[in-house]
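Letters A, B, C, D, E and F mark the chains as written, and numbering starts fresh at 1 in each.
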Amino acid sequence: MNASLVLQNLLSPPVLFFALGLLSVALRSDLEIPAPLPKLFSLYLLLAIGIKGGMELHASGLGGAVLLTLLASLAMAVLVPISSFAVLRTRFDTYNAAAVAAAYGSISAVTFITAETFLGALGIDFDGFMVAALALMESPAIIIGLLLVRLTAPGQPGRAEGLRWGALLHEAFLNSSVLLLVGSLLIGYLSAAFSPAGLNKLLPFTEQLFYGALSFFLLDMGIVAAQRLRELKETGAFLIGFSLLAPLLHGAVGLGVSLLLQLPQGDALLFMVLCASASYIAVPAAMRMTVPQANPSLYITSSLGLTFPFNIVVGIPLYMAAVQRFIPPG
Amino acid sequence: MDPMKRLDLIVSERELDRLCEALLKAGAPGYSVLRHVTGRGHAGQVSEGMEFSGFGANAHVIVFCQRDELEAIRAAINPLLDYYGGVGFVSETNPL
Amino acid sequence: MDPMKRLDLIVSERELDRLCEALLKAGAPGYSVLRHVTGRGHAGQVSEGMEFSGFGANAHVIVFCQRDELEAIRAAINPLLDYYGGVGFVSETNPL
Amino acid sequence: MNASLVLQNLLSPPVLFFALGLLSVALRSDLEIPAPLPKLFSLYLLLAIGIKGGMELHASGLGGAVLLTLLASLAMAVLVPISSFAVLRTRFDTYNAAAVAAAYGSISAVTFITAETFLGALGIDFDGFMVAALALMESPAIIIGLLLVRLTAPGQPGRAEGLRWGALLHEAFLNSSVLLLVGSLLIGYLSAAFSPAGLNKLLPFTEQLFYGALSFFLLDMGIVAAQRLRELKETGAFLIGFSLLAPLLHGAVGLGVSLLLQLPQGDALLFMVLCASASYIAVPAAMRMTVPQANPSLYITSSLGLTFPFNIVVGIPLYMAAVQRFIPPG
Amino acid sequence: MDPMKRLDLIVSERELDRLCEALLKAGAPGYSVLRHVTGRGHAGQVSEGMEFSGFGANAHVIVFCQRDELEAIRAAINPLLDYYGGVGFVSETNPL
Amino acid sequence: MNASLVLQNLLSPPVLFFALGLLSVALRSDLEIPAPLPKLFSLYLLLAIGIKGGMELHASGLGGAVLLTLLASLAMAVLVPISSFAVLRTRFDTYNAAAVAAAYGSISAVTFITAETFLGALGIDFDGFMVAALALMESPAIIIGLLLVRLTAPGQPGRAEGLRWGALLHEAFLNSSVLLLVGSLLIGYLSAAFSPAGLNKLLPFTEQLFYGALSFFLLDMGIVAAQRLRELKETGAFLIGFSLLAPLLHGAVGLGVSLLLQLPQGDALLFMVLCASASYIAVPAAMRMTVPQANPSLYITSSLGLTFPFNIVVGIPLYMAAVQRFIPPG
């Protein structure tokens, strides 16, 4: 594996700020980014990648590769939680196994964004429609997770099942991060088509600040991830192992699919990262409400405390090395 | 004036809307909500660190009600606290 | 130690300064304020959505005082609650 | 009316984000911009238009047209609440009629800013002193509103009248939005005159981010306005009608005045928008304290839930069409 | 159910971590924390204006506990309140 | 003294916004920047000067002048609190004297930043390692302050002395502002060395917004400083005098040291400002916990309410005039 890729990733400002966040918790410093400032950056990042993706979608159009890629994304978002559930169910009850599985079936937008900036630093292109894949892969796992509970849990409480489903679909497809991402994607597309002057005036906000905002947000993510690590005892060795092996496995499957679809290098990396990352935003929030029997410290600690740092620090350059090995440059 | 009751409910912010709806349906004359409450209970530590994710911290809901309104509220709220977690307490109080 | 009184006042943030001044004038030994309180009462729903406009949500003011300080505070605060809205309650408490 | 103007407005990023905010409430999504983030954007926008206005005032100087325009602004800020009161009093008690009338006599800075960016997209110039008109029109309606209560309410409570007046003038002329706007205007003027290098270093902050910050803030305004619409039942048909007709009427008067003053196209649009818009910031905050008998859901729902979206979505291009019809381009 | 106790502690945010640790050590079954509390007491006015500096405002800590847990908590908390300032009160309450 | 220097400082946007903040409190306006927005700007400014300093350190390297300057900074950070204690002890008890002395031995990052932008406006260079001096001078006074209490207070309470020391060293060297500043300095250095492309993408965030963010933050600092001034009665004439004379004296000593070290004009001004400024961030927070016997309104009012405005408005141009008088331009 290419050591310079690892170094180049490790020594980029966003990853260094992430490390600073981890370190500050390790040193028990009182550095904190008080709420709701992290929310500001998280909203901003979703808005900005939405706009960028929409703009590029408009530039590139919806070709045949697009639809196949989106279909493959959807398939991964359905298969990953099912197979993860099968593995996790060997150690956890239905509720916890389903909740963790749902997290791994969904995606981490920040991991995706960090991979994008990594590609930017390497000068490797990628397609705007990958943001649509990101949006598409966020929600299905929530549905699958709840279906798994419904189908396998002994004696489900019968309260208001119909109503619950409405709430669930709502939670899955209209939660704030999906709505903001899809909305910004559409706005980027529409204004690229009809109001290019307006879009141009938006770019200093969405593009020039992007890298700095990502760095700032990763500082906070480092703090939050490290705080989660304190709960590792509760997590147990099995789940720790799962958190570190699942991204490798899912990433490898993602690479296989990318080869089948003949994706170019940039898109392949992003697809791998989507498969390999786990959600700590939309899915936990949905699971808290729909599967309150599951223990949040299991699904949040594994996705946010372990898989997320793993992908940011080691995963991305590793996946890139694999991409460069199997896919010829553009 | 007659003595009244004061309820203190502490639940996850995710369940707040549901709780407030239930309160109104059960006939509570009003309520007040303080969000961004952190703490520790059976389910472990709750911090504000995940706020950006929509996961949220806890909320503290205060209800002042007549004694005879209490029973209906209790019947509506206790099942929610049992299912989702959170705590609920009642004390004596008087209008100022 | 002697039993004391605990006051809970919930008013609009816009009236907060006026309320706190009145408390001090009336001899309250201190007070604590929690802002960003949302809720529902006679005047309907109060949210934090208008906070950017200076309109604000509610505030919850807590006062611990001696029994014999209560009367003056009550006389000072009740007219404000009547004129501007808001609720006020008194309960029994004891120093820790 | 020019359909392309409407489209050009509708499909610009700020208005699309406003629509996304409305939509998210309609779909009952949990998208929210938690306090105090909207305050950050609202402070920023006031600061930035103040700086810009002051800079342009310094460039253009205070000619004769300036003084006449400012006088006309002042006159509108006095006459609009009085005439509105006469109409509203037919259905509402003194307190509510005065409070709503005061809202319509004052202005909405965000509507003004959106009109400015609309002019920018059309490539039409406008004068810096219009920001002074904006500042000037914010406060008088607060005084008029309270005068109307004092003069027409039966048996005013006699408490501390003298003191109240002090508080009122204070509330009217030193409330935070007036102070920040006027302060920034002066700072823009002074630093344009004495510290042009400093001003230059400020511009990336106040100008490049402006469009993005406006878009972000309008996303929140869409959410807040839509939440207000839920209270429409309480509002009643009369006030709904008033909220939609008043901007048209006041806008038309504003156009007449612009013709008299021979304002160029850009200034005329901004003057119309000032007349047509209603305040949901300074006035409601002042009314809450000085006329607590009035029901806030009336004056906020009409100004923020109805008139504001109407102006942003339909009003601005409509007024522009009227301007283009009656005033020849510069 | 048995009547319980409700503690209300108001201390500077700077001492919050120390206070919560002491509560847990003394056997409190849980606690809730509201930060960003402003107010006035013996040490004068406390505002949120210095929040950017890490100096912080006050925090309001609520503990619901059994009667027989109170004594240990009192013994652990009162020295902190004496040394750093802040107030502590106990009232009667009941599970909902 | 050069009147144009004073004017140039007074009429620059950051200082004008500071004055607007002061004014708004004097006029009892309700203008406020609600928490945690000021924290956002304060975190941003520390991050941005850290990055900038690290970048420049990498460009210039660590020469001989660097080490001597850093040593001199350290010496000042030890000597100033000791001599200040001796003066303050004549009027205050040990606790209060030590807490105030510690504040004056440490530094104000915002004063330093304002001096930097002042140099920028004059077109005078300064070295990146001055940011390292800033970081180095933040903490020692905290230790000295507590040592003074320990050595001179009658009958120190004996509780857990060993543990306390650990907490103190921790508070001194790992408090959030030191950690963020030093961390950003390192990140700036490392990414300048290994990831220059990444650093380049960070600069629009850290450099272009800098001046605007400083102006915005100074608006808040003006408000907070003016609120502190209300507590002047409690402060007493002696401490007021100290707050205004100490910066002049410490600045003069700083100038003397700069002459000895043959620092160029820019570095000399920054060194003077470091000596002359007092801490209202790290030190008060540490003193609140470690010397609770001291009255915060004394050490905060003097450093934030008096010394800070004095330095921002009068001190910086005054020190610059002294520098220009005694040190020939580069």
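Note that contacts are C-beta pairs under 8 Å (C-beta built on N, C-alpha and C of every residue); 3 or more make two chains touch, one makes a residue touch a chain.
Here the structure is a predicted model, which is why all the values come from computation and not from measurement.
Trainee: Kindly list the shared contact partners of chain B and chain C, in label order.
Mentor: The common neighbours are E.
Trainee: Greatest Cα-centroid separation from chain C: which chain?
Mentor: A
Trainee: Going by average Cα coordinates, which chain is farthest removed from chain D?
Mentor: Chain E.
Trainee: What's the distance between the Cα centroids of chain B and chain D, rounded to whole Å?
Mentor: Taking the mean C-alpha position of each chain, the two centres sit 39 Å apart.
Trainee: Please compute the C-alpha centroid of chain C, do the same for chain E, then give the distance between them in whole Å.
Mentor: Between these chains, centre-to-centre, one finds 20 Å.
Trainee: Indicate the residues of chain C shared as contacts by at least two other chains.
Mentor: If we look for residues of chain C contacting two or more partner chains, we find 34, 36, 51, 54, 91-92.
Trainee: Of all the residues in chain F, which ones touch at least 2 other chains?
Mentor: Residues 30, 34-36, 39-40, 175-176, 208-209 of chain F each touch two or more of the other chains.
Trainee: Could you list each pair of chains that touch one another?
Mentor: A-B, A-D, A-F, B-C, B-E, C-D, C-E, D-F, E-F
Trainee: Mind pulling up the chain F residues that touch chain E in the complex?
Mentor: 34-36, 38-39, 41-42, 175-177, 220, 223-224, 227, 231, 234, 280-282, 284-285, 288-289, 292, 295-297, 300
Trainee: Which bits of chain C are touching chain B when the two form their complex?
Mentor: These residues of chain C touch chain B: 7-10, 34, 36-42, 58, 60, 74, 77-78, 81, 87-92.
Trainee: Spell out the part of chain C that touches chain D in their complex, as residue ranges.
Mentor: 12, 14-15, 36, 43-44, 47-56, 83-85
Trainee: Considering the complex alone, what residue numbers of chain C touch chain E?
Mentor: 4, 6, 20, 24, 29-36, 62, 64, 91-96
Trainee: Under the touch definition given earlier, write down the residues of chain D that touch chain F in their complex.
Mentor: Spelled out, the residues of chain D in touch with chain F are 35-36, 39-40, 43-44, 47, 51, 170, 174-176, 179-180, 183-184, 186-187, 190-191, 193-195, 197-199, 201-202, 204-206, 208-209.
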